[in-house]
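What follows is a set of structures for review.
Look at the two complexes coming up: chain A is in both, with chain B in one and chain C in the other.
Let's look at the complex of A and B:
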C-alpha cells in the first residue's frame, strides 16, 4: 500500500462522515458564491458598449425633480454632442399589476434613434413607432414575457403622473444590456398631463469617449446658477448612483458572507478533529513505527484538504450550474436580471474552501504532534 | 420508559469539544436568520409606529407614495371646508397641505449621494404629528430658507448638522435644528416651511393633505365622502394605515432571510448529523447496556432526538443572545441602518430590531435543525443489535 491509497482509505473509512463533510462544505461554498454574485448584481451595473458615450443629465436637486423642456435649445448647441432626447421615467403599472418590473420612458422618437445605437428592431419597424403618437417600442424580454403581438395595446396606470396610458405596440427591440424597457412619445405625455413644459432627464450621446468628460462639464456649466441646475454624468456613473442609494446593503451582504465562511470553517474543523481523534491510537502506532511529525501532518492535511476540495468542486460547480441555467429574471419578477457567476467569484469560493481545508488540519495535527506515543496508545475513545 | 433528561444534558456537556463546534455552527445559522429578519422587522416597525390613529392622510388616487402625489390648491380648499374637521384651541381647522420633495444629498462617509425626503410642513401639520419633538437647536421660521432635520438622518448625511447647509439646486437651506421622530418614518425626513418650499421648488401644487376629524366616529364617513367625490380624484386613508402598508422595502430582506436561513440550515443539519453519528458511535456499548437494562428501542430513539434538540437549542440560544447583544450594542452607539425605500424613492432610516417573537422563531428553527440532524443517527442507535453493541469497544 502506497501513501496516496493510505490517505484515501483513511478519508473514506467512515464514508458517511466523509459524505456529510463534503456536503456541508459544498453547501457553504454554494452559499458563498451565491452571496458574492448577489452583491455583484446589486453593486456593479452591467457595462455596455454605448454606455461610455451616453450621458444622463438630471436636476441637481434630485432625480425626482423635473427639468424645463426649454433647456433642449441650449444643450443642442453644446459642441461634442451628436444626439439628445428628453428621457422621462413614467413609472406606470401595467394592466392590473401592483408592481411592474419593467420601466416605461417618454422619449422623442426621432432624437432617440441616435441614442440607442446597440438596439436592433426585430419586429415591426422603428418608422411605425416614430410616426404614430400613440405607438410604443417594447423590449424583447417584456414582449415575450407577456406573450404580446405587434399591434397589441398596452395599458398603464400612472403612479408618478396623474395620467394613464393606452399604447399600441409598433416595434420590438433587443441587443441592449436590458431588453425590458418600453419607450413612447414624449408628446403624448405632454398632451395628457396638460403640457407642463418639463422633462424628467436629458439623454445625451457624446461624439466620442474622449470628449464625453468635456461634454459633461459643458452641460453642467450651461445651467449653473439658473433656476434648474443640472447634474450630468455618464450612464454608468448614474447607475452607480443608485447603488449608493441602496445604503448599507453592500456591507450587509459582506457580513452575511463572513458568517457563512465562519460556519463553513467550524464544520470542517469539527469533522476533521472528530476524524483524527478516533484514530489517535493509530497515529501513535505510526509515530512508534518512526513516522515523523511532518509526515503525520501531511497525512492529516491531505485528507482534510481533499475533502474540502471535493466539497468546493460540488458547491461552486453546483451554484454555477444552478444560476446559469435558472431563469431568475422570471422567477424574481425582474428583481435579479443577470446573476452572472463570474470566474473571479468561483475562484473566491474555491480559495476559501481550500484555506478552510488547511486550517482544519492544524488543530488535530497540533494535538498529534504534542501527544506522547504511550499516551496515544492508551487512548480508548 | 423514557431515559431521564439529566442523562442527555450530561452527555452533551461531557462531549463539549465535539459539541462546541456544532453549537457554534447552529448559532451562526440562527444569527444570520435572526439578523436579517431583525432588519426587515426594523423597517416594518418604523412604518407601523408612524402616524396618529386620529389623522387621515389624503393623496392623489393611483399614487403609491406621498412623493408621487399631487393635490391642487382647489382640492385643498374643498378638503379644508369639509364638515366634521377638528379645530385647535385657536379655532383653526386641523388641516395641513404639505409638499414632499426628494433632495439628493452627499453621504457623510463621502461615498456617493442618496435621496432624502424634504417635507414642507405647516404649523397645523406639526400639531398633527405629536411624535416629532425638537431635540437640538430651534424650529424653522416661516418664510425663511431654514430646515430642521431628523437627528438620525443627520448622522448619515454631510452638512445636516445644526448650522450646516443643504443644497437644493441653486438654493441653500440652513439647518437650524434637529428633531426626533421616536423611531417613526419621520426619522427619515427633513422639515421646512411649506410655503417657502413651494416657492423654492416652484410648485403650484401640494403633495398631500393631513387632517383630523373632529370625532373618530366621523372618520369613516369622511374617507368615504372623499373617495366618492369624482371631481376630487383623491384617496383618504387613516395615516397609520397608509404607513403600515409601506413595507415593500422589507420584502426582499425577509425573502433573503428565508432563503439563506433554509440553505444554511441544510448545511447545519449535516453538521449536526456528523456530531450525532459520532456520539452514537462512541456510545455503542452504552446503548447496548441500556437495551439490556430494559429500555425499549423507542426510548433510545427519543433519547437521541432529545439530545440533538438540546444540542441545537444551545446553538439557538447562543444565536439569539448574540443578536440581542448586537441590538443593545447598536442602540448604545446609536447606529441606524438605511436603504432606498422603493415607494418614497428616498432613504429610509431604520433600527435593528430583535423582537421576542423573532427570537422564538429562531429557537424553533434551531430545534428543527437538531431534530432533523439527529433522526437518522437516533434510528441507527435503536437498530443496533444488543449483543454486537455490548461486544464493541
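Let's look at the complex of A and C:
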C-alpha cells in the first residue's frame, strides 16, 4: 500500500456517496458550461472571414427608418469601397407560419455577389438567381429544413411590408456563418411596394480591414446634415447592437451561473464535511500513529479534489460531447446556431470545480487540525 | 546500580475545565518505569489512569510537572516533533481496536511505516513479521469486518509493534473482548515485555488482566494510592 492507495480507498469507502458527489459536481459543471456557452452564443455573434470587411449603413435615427435609394450613387464613389448593395429586411412569414423563422433580405443580386465572399452556391446557379427578378437565393439550412427543391415556390406573408412575396428558388448557398437566410431582388420589393425609392440599409464591402474604419467615417460624413443621415458600422458592431436589444442577458446568465457555483460549493463542502466527520476517530488514530496536520490535510484535499475533478471531467466532458454532437440549430428552430463549447469555457468549468474541491477541503481540514487526539478518540467512543 | 528509567514522571498534574468547573485529573503524580516493565494502571472511572497514559504517550499535554521518556521531556516538544516522536517510539493499542475499516489487516499494520523512509519491500517484510508475531500471518488480506474482535485487537498490536517502538501503551485492550481473546491479547503483551524487553503500560479495570503485568499502580482521584 502507498499513500495514494490509502486516499483512493478512503474516497471510495462509501461508494454511493462518492458517486452522488461526483454526479452532483458533474451536473452542476455541465449546467455551468451550458450557461456560459449560452451566454457566449447570445452575446458574441458568429464571425466569418469577411465580417471585418463588411459594413452596414443604416438610418442614424433608427433601424426602422429607411434610407433614400439615391444614396447609392454617393456611396459607390467613396474610396475604399469595392461593393455595395441595398440590404432590406423583409421579415415575412413563410407559408402558414405565424413567426418569421428565418430572415429574408431584398438585395441587388449583381452588387450583392461581391459581398458574400465566403458563400458557395451548392445547387442551381447564381446567374439564374441574378437574371430572374422573381428568383431567390436560399440558405442550405432553410432549404434542407423545409425539404425544398430548385424551382419550388416560396410564399411569404409580409409583416413589415404590406405586400406578399411569391419567389422561385434559383440557387442554394452555404459556407456562411448563418446558412438560413434568403435573398431576393430589391427590384421586386420596390415594384410591389409602389417604388418608394428607399432601402432598409446599405451593405458595403471595404477593400481591406485596414481601410474599414476610414470607409465608415467617410460614409457617415457623406450624409451629414442631410435629411437622411446614416450610421455606418461594422457587421459585428451591427449584430452586437441587436444583442443589446435582448437586455442584460449577460448579467442574468452570470447571476444564474453564480447560483450554480454557490450550490455546487455547498454540496461539496457538505459532503466532504460529512465524510470527514464520520472519520474523526480514524483521523485521531492516524494522528496518534504519527501523521501530522499537513499529511491529514493532504489526504482530505486529495480526496475532495479527486471527487471534484472526476465530477468536472464528467460534467465538462459530458456537456462538450452533448452540445457538440447535438444538432441544436435544428432542435431550436435556428435560435441557436453554433453553441460552441470552447476550450476557454471548458477551462472555466474545470477551474470552478477544482476551486470547489479545494474550498470543500478547508472546513474539515480546519476541524481536523484543531482536534486533539484524545478529543477525537472520545468523540466517537 | 539501577538503570535509568525509560519513563520518569515528576509532579505531574493535569487540570481541565468542564464548563464552569475545574477538574483535577492528575495531582502531583511521580513515577519511574524501567525498560521491559509491564505496568498496569488501575483505578475507578475518572481516577486519571487514561489521562496519565495519554500524557506518557504524547497525545495529551500535562498542566504542570515533567514527563521524561528515554530522557526526552515530552512536554517540550512541538506538535510536529511530538507526532514524529510518537511514530518512532510509541505503539498504541486501543479498547475498540481502531483499525481503518477500508484497509486489510496488512495495510492497517503498514500504516505507521508509511511515515518512515522504508521501501515497499522492507515495509512488507516488517508487516509480515509483526503479523506473524501476533499469530495472524495468514490473515493479512482480511479486512477488519472479516475478523473477530480478538483478531482485530491482535492486528492492532501488530500495528503498534511494527515500528519497533520502545513503549507500548494499551488503553483497556481487553475491554471489548471475550475471555479467550482477552487471554490471547494479554499473553502477547506479556511476551513482548518479557521476551522482547518492550515497555508496556496498560490501563485496565480488570484485576485478572492486571495479573499479567509486572507492576500495578492504583490511581484514585488523580493520585497514585498504591
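Odds and ends about this structure:
As a convention for this text, the second predicted complex is superposed on the first by the 380 of 381 C-alpha atoms of A that agree within 3 Å, B and C clash if a C-alpha of one lies under 4 Å from a C-alpha of the other, contacts with A are read in each partner's own complex, and residues count from 1 in each chain.
Methods note: contacts are C-beta pairs under 8 Å (C-beta built on N, C-alpha and C of every residue); 3 or more make two chains touch, one makes a residue touch a chain.
None of these values were measured; they are calculated from a predicted model.
A count of residues in chain A touched by chain B and by chain C gives the higher number to B.
Contacts of A:270 after superposition: chain B is touched, whereas chain C is not reached. Applying the stated contact rule after C-alpha superposition, one finds that A:13 touches chain C and leaves chain B untouched. Of the two partner chains placed around the shared chain by superposition, chain C is the only one that A:291 touches, whereas chain B remains out of contact.
For the contact definition in use here, the residues of chain A common to its chain B contact set and its chain C contact set are 381.
Against chain B, in their complex, chain A makes its touches with residues 16-17, 20-21, 23-24, 27-28, 30-31, 34-35, 59-65, 91, 99, 157-160, 162, 225-229, 231, 240-249, 252, 255-256, 259-260, 262-264, 266-267, 269-271, 273-274, 278, 335, 380-381.
Within the complex formed with chain C, the chain A residues making contact are 1-3, 6, 9-10, 12-13, 281-282, 285-293, 295, 372-374, 377, 381. Residue ranges on chain C touching chain A, taken from their complex, read 54, 57, 59-60, 79-80, 83-84, 86-88, 92, 94, 96, 98, 100-103, 106-107, 110-112, 114-115, 120, 159. Chain B contributes residues 17-18, 20-22, 24-25, 28-29, 31-32, 35-36, 39, 60, 62-64, 67-68, 70, 101-104, 107, 111-115, 167-170, 201-202, 233, 248, 252, 260, 263-264, 266-268, 270-271, 273-275, 277-278, 281-282, 337-340, 345, 347, 393 to its touches with chain A in the complex.
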